[in-house]
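So, here come the structures, one by one.
Paired with chain B in one complex and with chain C in the other, chain A is shared by the two complexes that follow.
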Partner chain A sequence: MTSKASHIAPLAWQIGTIAALLALWQWSALTHPAPYLPRLENIAAGYVRLWHGDLLYSAIIPSLYRLAIGFAIAVIAGSVIGLALGYLRGLEPWTRPVLEYLRFIPAVAILPAALLLFGPTDTMRIFVIAFGSVFPVLLAAIDGARRVDLTLIDVARVNGLSVVERLVRVILPAALPSIFAGVRIALSIALVMMVISELIAADNGLGYYILRSQRLFQTANVYAGVLTIGTIGLTLTLALLAVENHVLAWHRGWRGLSNAGRTA
Partner chain B sequence: MQGTGTSSPAAMGAPFQRRRGSALLCAPMTIPDSMVSALKGAAGVAVAVAFWEGIRALGVVDARDLPSFAAIIRTALTGLLGGELLAAVFATIGSWAPGLLIAAIAGVTVGIALALMPRLEIATRPLLEFLRPIPSVALIPVALLVLGIGLQMQLFMIAFAAIWPVLFSAKAGVEGVDPRFLETARVFGLGRMERIFRVVLPSALPSVATGMRTASAIALVLAITVEMLTGRPGIGFYIENVRLNGLITEMWAAIFVTGVLGYLVNALFMSVERFALPWSPEHRDQ
Partner chain C sequence: MPAGQHEDRGSDMSDSILIMDSVSKAYSASAPILKGVSFKQEPGEFLAVVGPSGCGKTTMLRCIASLMQPDEGAVLHRGLQFDNPPPWLSIVFQDYNRSLFPWLSVRQNVAFGLRDLRSADRDERVRNALIAVHLEHAADLYPWQLSGGMQQRCALARSIVVQPSLLLLDEPFASVDAQTRIDLQDMVMEICKTMSLSALLVTHDIDEAVFMADKVVVLSTRPARVVEEITIDLPRPRDQLVTKESPEFLRLRHHVYTLVRQQAKTNAVETLTERL
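For the complex of A and B:
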């Protein structure tokens, strides 16, 4: 009885907070009309318009296309290079200063250079997304590969696995939990870089849509665009967590087992 | 995970070098490990520079777009020694620091409040979970609408973007306070505010410091982005401006300096973590 009540009460609080905020917004929009306070129904209409028809193809799809390619490049390149660097420990002192420098360059600063080299093209935007999001994956992969249980590597060596086989069958699975942690950070950076690249140099995509709407004082569309980007970010994060749960199911099971063994 | 201190990875690489070193050098005079890795690092940098020059020489891209590494360094130095570049760097720091400070104060306050008042946390959770995944840069057009172009808008964007890591690390830090400390404080008769200031805050500080380091990098990105987009003075505007004027070497030099700035900012907050918070669990074991 109490448990049911305690489940409902928080939900009521949460719905209440959101409803109160929305009501406050709508009330201020109606009583104090200002360009930056569009009415809720206009924002909702703008949001729906973004997901149907022309805007879907001129705003959402181009953004998602560039995000997907840039992010995929970052994840694949970051994991492969990271695993190799982490496994070949001798390389570490050689590469460290360069990596330590590159990873702390604020990725936006690269954008004008990319614009110069590639022009205002999709290649430029994909490059910027990939450059911004590769480092969390790379560093996580290095870290994960370096922490692999040395016994596992020795067992693999004794069983005659080649270097590539060892990397794919021993190092990669062992480093996956760490890599996924890096990929999650990389996703949020990739989204930021996607938006920045479209704010600064693009003629389509969500960032461009928001900036253009702002310049045209179509404020409801600005908010609708921001909401759309938030929706995409949330959906991708949840999807990534689902993939992670699926792929790392063995890991959690294995850890749970070893914990149980320890306590027993 | 990313907190690679300067000492630990070198220590990890040490056994490998020693094995190699004794075989190759026959070691009548022993070269210290730190010097060996410094030399290797310098070699790595040399390879990276050679790679850069190689791209230039191959002519994959227009050589005018990729100035030589020496020219970039030279331009960076002249720009820093009394040129516009130094002024731009200071302008960026001048908006980055106050923005980060606002984020730190607001983030710590809200984070502690959320951790100490579960009802508030429950009621505001959907709001926070909704705001957090929105990439902060997407709000720049909104901030332009509401606040217009100016320092106020730049500070708001920096603070808004940088508040999240501080807020959530402060919350996690407070939630992770050892209950025995709180009970001890209660036994000694400390009041609620005293408990917060003398027990909760010090135990949460290491976590907050880590959040601050993340926030400092995000704040720098936002400061530069806003400068690029709205022409506020600073390194972001400088980079865009010299690019538009065709001063390619100046652009690369400014990007190089931005990287150094990012590195220094991180190093600064790493040392804050290490020296100001000696009771952090990460350092307790050492």
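For the complex of A and C:
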């Protein structure tokens, strides 16, 4: 299935589908003029405006800043705490019930509490993003650390590695495939929380831009904002996959080989 | 047991690479694994430990490596006790596909235990270890790209690169095919000779034990104790055909085999008596 034709055909279909959807939208907008159905060129103009000049600094940059900080906190804190909890099994009986309970709280539900706690600030929004996206990373890291082969830990001990060295040189790399799976889920949650946190008591950011455009009946700008969030989500996901493919090249080969062994 | 108690047993005690002094270990009161295991290993000696399967050989090895502490008795190296896995000791584990780091290349796996060294020295030692196990051409491959025998050679290189005084081998040839096993046996004996290394081989393969070792320690069924120590004075270098066909080899093999079989039978009778 690696022949060129098998790759080109689906790509042509993908482009075709997108073109068809856009054509359908434009046809609807032209035949049924309505405020909620702006024409494509207006949406495109709004989209381009968002990425240039003032709007870039008042909408996109603030959103990306909060997303970056909140997501980074989630990934780092989730990995570090998760690896420690997963490796130091003695801690698990104390932490497990709390984690199992917290993970079922939708991050949206803590938004009012976060607003009370931090006020309508960047800190509040970053907190909500981090809170929402930390659990997939944390649980994946715990799981990854617990599944590290004990023989590898014996090898590390025989070679005189301290507990911290074992965590960094053995547990972390062994758990990385699991952590990356958690990080992918966390990224989509972080995007959701970024938008939602900017719908409340905000004066900048993409969420705020969409909300304000809606209140001003600038429908084309609403859709331009939505498409911008989609662009950011897609770009970040592709970047994450590129990093993952680079860092986990060994894992694909290793897993691919053991899968091949199983089917043989 | 305080170290002072061992001093009056003669000055040669402090030269021994390994002394197992009445080592006992139990996971619970009703499940003793080792019961007063005692033996001694001199520098340069190749020692093999055999016993019925499940008799506690791996537990004994973990006690020796300090991956586990014995409940009673002491493990001594040159007359001294130790609490953590010591730098003068390394292990080759049975499961090569579980003991190599899949995210490190062969070279990085071998270099894993080398620290506090200048990178030039480290590279030199890794290269020599890889040459010793004939893996220098595969240095940049990953373990999962190698055959089973090559993976176990990689694990062997990682163990000898730290220049240990004692090499522990935990059934290292149990997971490879017969031809590879023979090649690995010859390779390990060659390496031990050139590096003047003491080796302690735990195995369930009696032929292997008699063929490779200077001394075979036979363990009883669980809880394990030493049944007999047999000196193997077959001439070296040993040859897979010549040595294994010699009358002396066959006599020793017969003797060890009988001992292990007796253990298995005794165990069956004891279990039966207990149940009755």
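One rule holds for everything that comes next: the second predicted complex is superposed on the first by the 237 of 264 C-alpha atoms of A that agree within 3 Å, B and C clash if a C-alpha of one lies under 4 Å from a C-alpha of the other, contacts with A are read in each partner's own complex, and residues count from 1 in each chain.
Criterion: a contact is a pair of C-beta atoms (placed from the backbone, for glycine too) under 8 Å apart; a residue touches a chain by one contact, two chains touch by 3 or more.
Bear in mind the structure is a predicted one, so any value in this text is a computation, not a measurement.
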Exercise for the section: Look at where chain B and chain C land on chain A after superposing the complexes, then choose clash or fit. Expected result: fit
Practice task
Please indicate which partner A:60 is in contact with in the superposed arrangement: first for chain B, second for chain C, both, or neither.
Solution key: neither
Exercise for the section: Could you say whether A:196 touches chain B, chain C, both of them, or neither, answering first, second, both or neither? Expected result: first
Exercise for the section: Examine A:250 and indicate which partner it touches, taking first as chain B and second as chain C; both and neither are also allowed. Expected result: second
Exercise for the section: Could you say whether A:104 touches chain B, chain C, both of them, or neither, answering first, second, both or neither? Expected result: first
Handout entry: Partner chain(s) touched by A:152 [first = chain B, second = chain C, both, neither]
Key = second
Problem - Partner chain(s) touched by A:219 [first = chain B, second = chain C, both, neither] - result: first
Handout entry: Greater chain A contact set [chain C / chain B]
Key = B
Completion exercise
In degrees, rounded to a multiple of 10, the angle chain B-chain A-chain C between CA centres equals 90
Problem - Partner chain in contact with A:18 - chain B first, chain C second, else both or neither - result: first
Exercise for the section: For A:89, decide between first (touching chain B), second (touching chain C), both and neither. Expected result: first
Problem - chain B versus chain C - smallest C-alpha distance in the overlay, whole Å - result: 7
Completion exercise
As the complex stands, chain C meets chain A at residues 65, 67, 84-85, 87, 89-91, 93, 95, 98-99, 101-103, 112-113, 115, 142, 144-145, 158, 162
Practice task
Provide the residue numbers of chain A that touch chain B in the complex, in ascending order.
Solution key: 10, 13-14, 16-18, 21, 35-36, 89-90, 92-98, 100-102, 104-113, 115-117, 136, 139-140, 143, 146, 178, 181-182, 188, 191-192, 194-196, 199-200, 206-207, 210-211, 213-214, 219, 222-223, 225-226, 229-230, 233-234, 237
Handout entry: Interfacial residue positions of chain A with respect to chain C in the complex
Key = 149, 151-152, 154-155, 157-160, 169-170, 173-174, 176, 250-251, 253-254, 257-258
Problem - chain A contact footprint on chain B (complex, rising order) - result: 1-2, 4, 9-10, 12-13, 16-17, 20, 36-37, 40-45, 47-48, 61, 65-66, 119, 122-127, 130-131, 133-142, 144-146, 217, 220-221, 224-225, 228-229, 235-236, 239-240, 243, 248, 251-252, 254-255, 258-263, 265-266
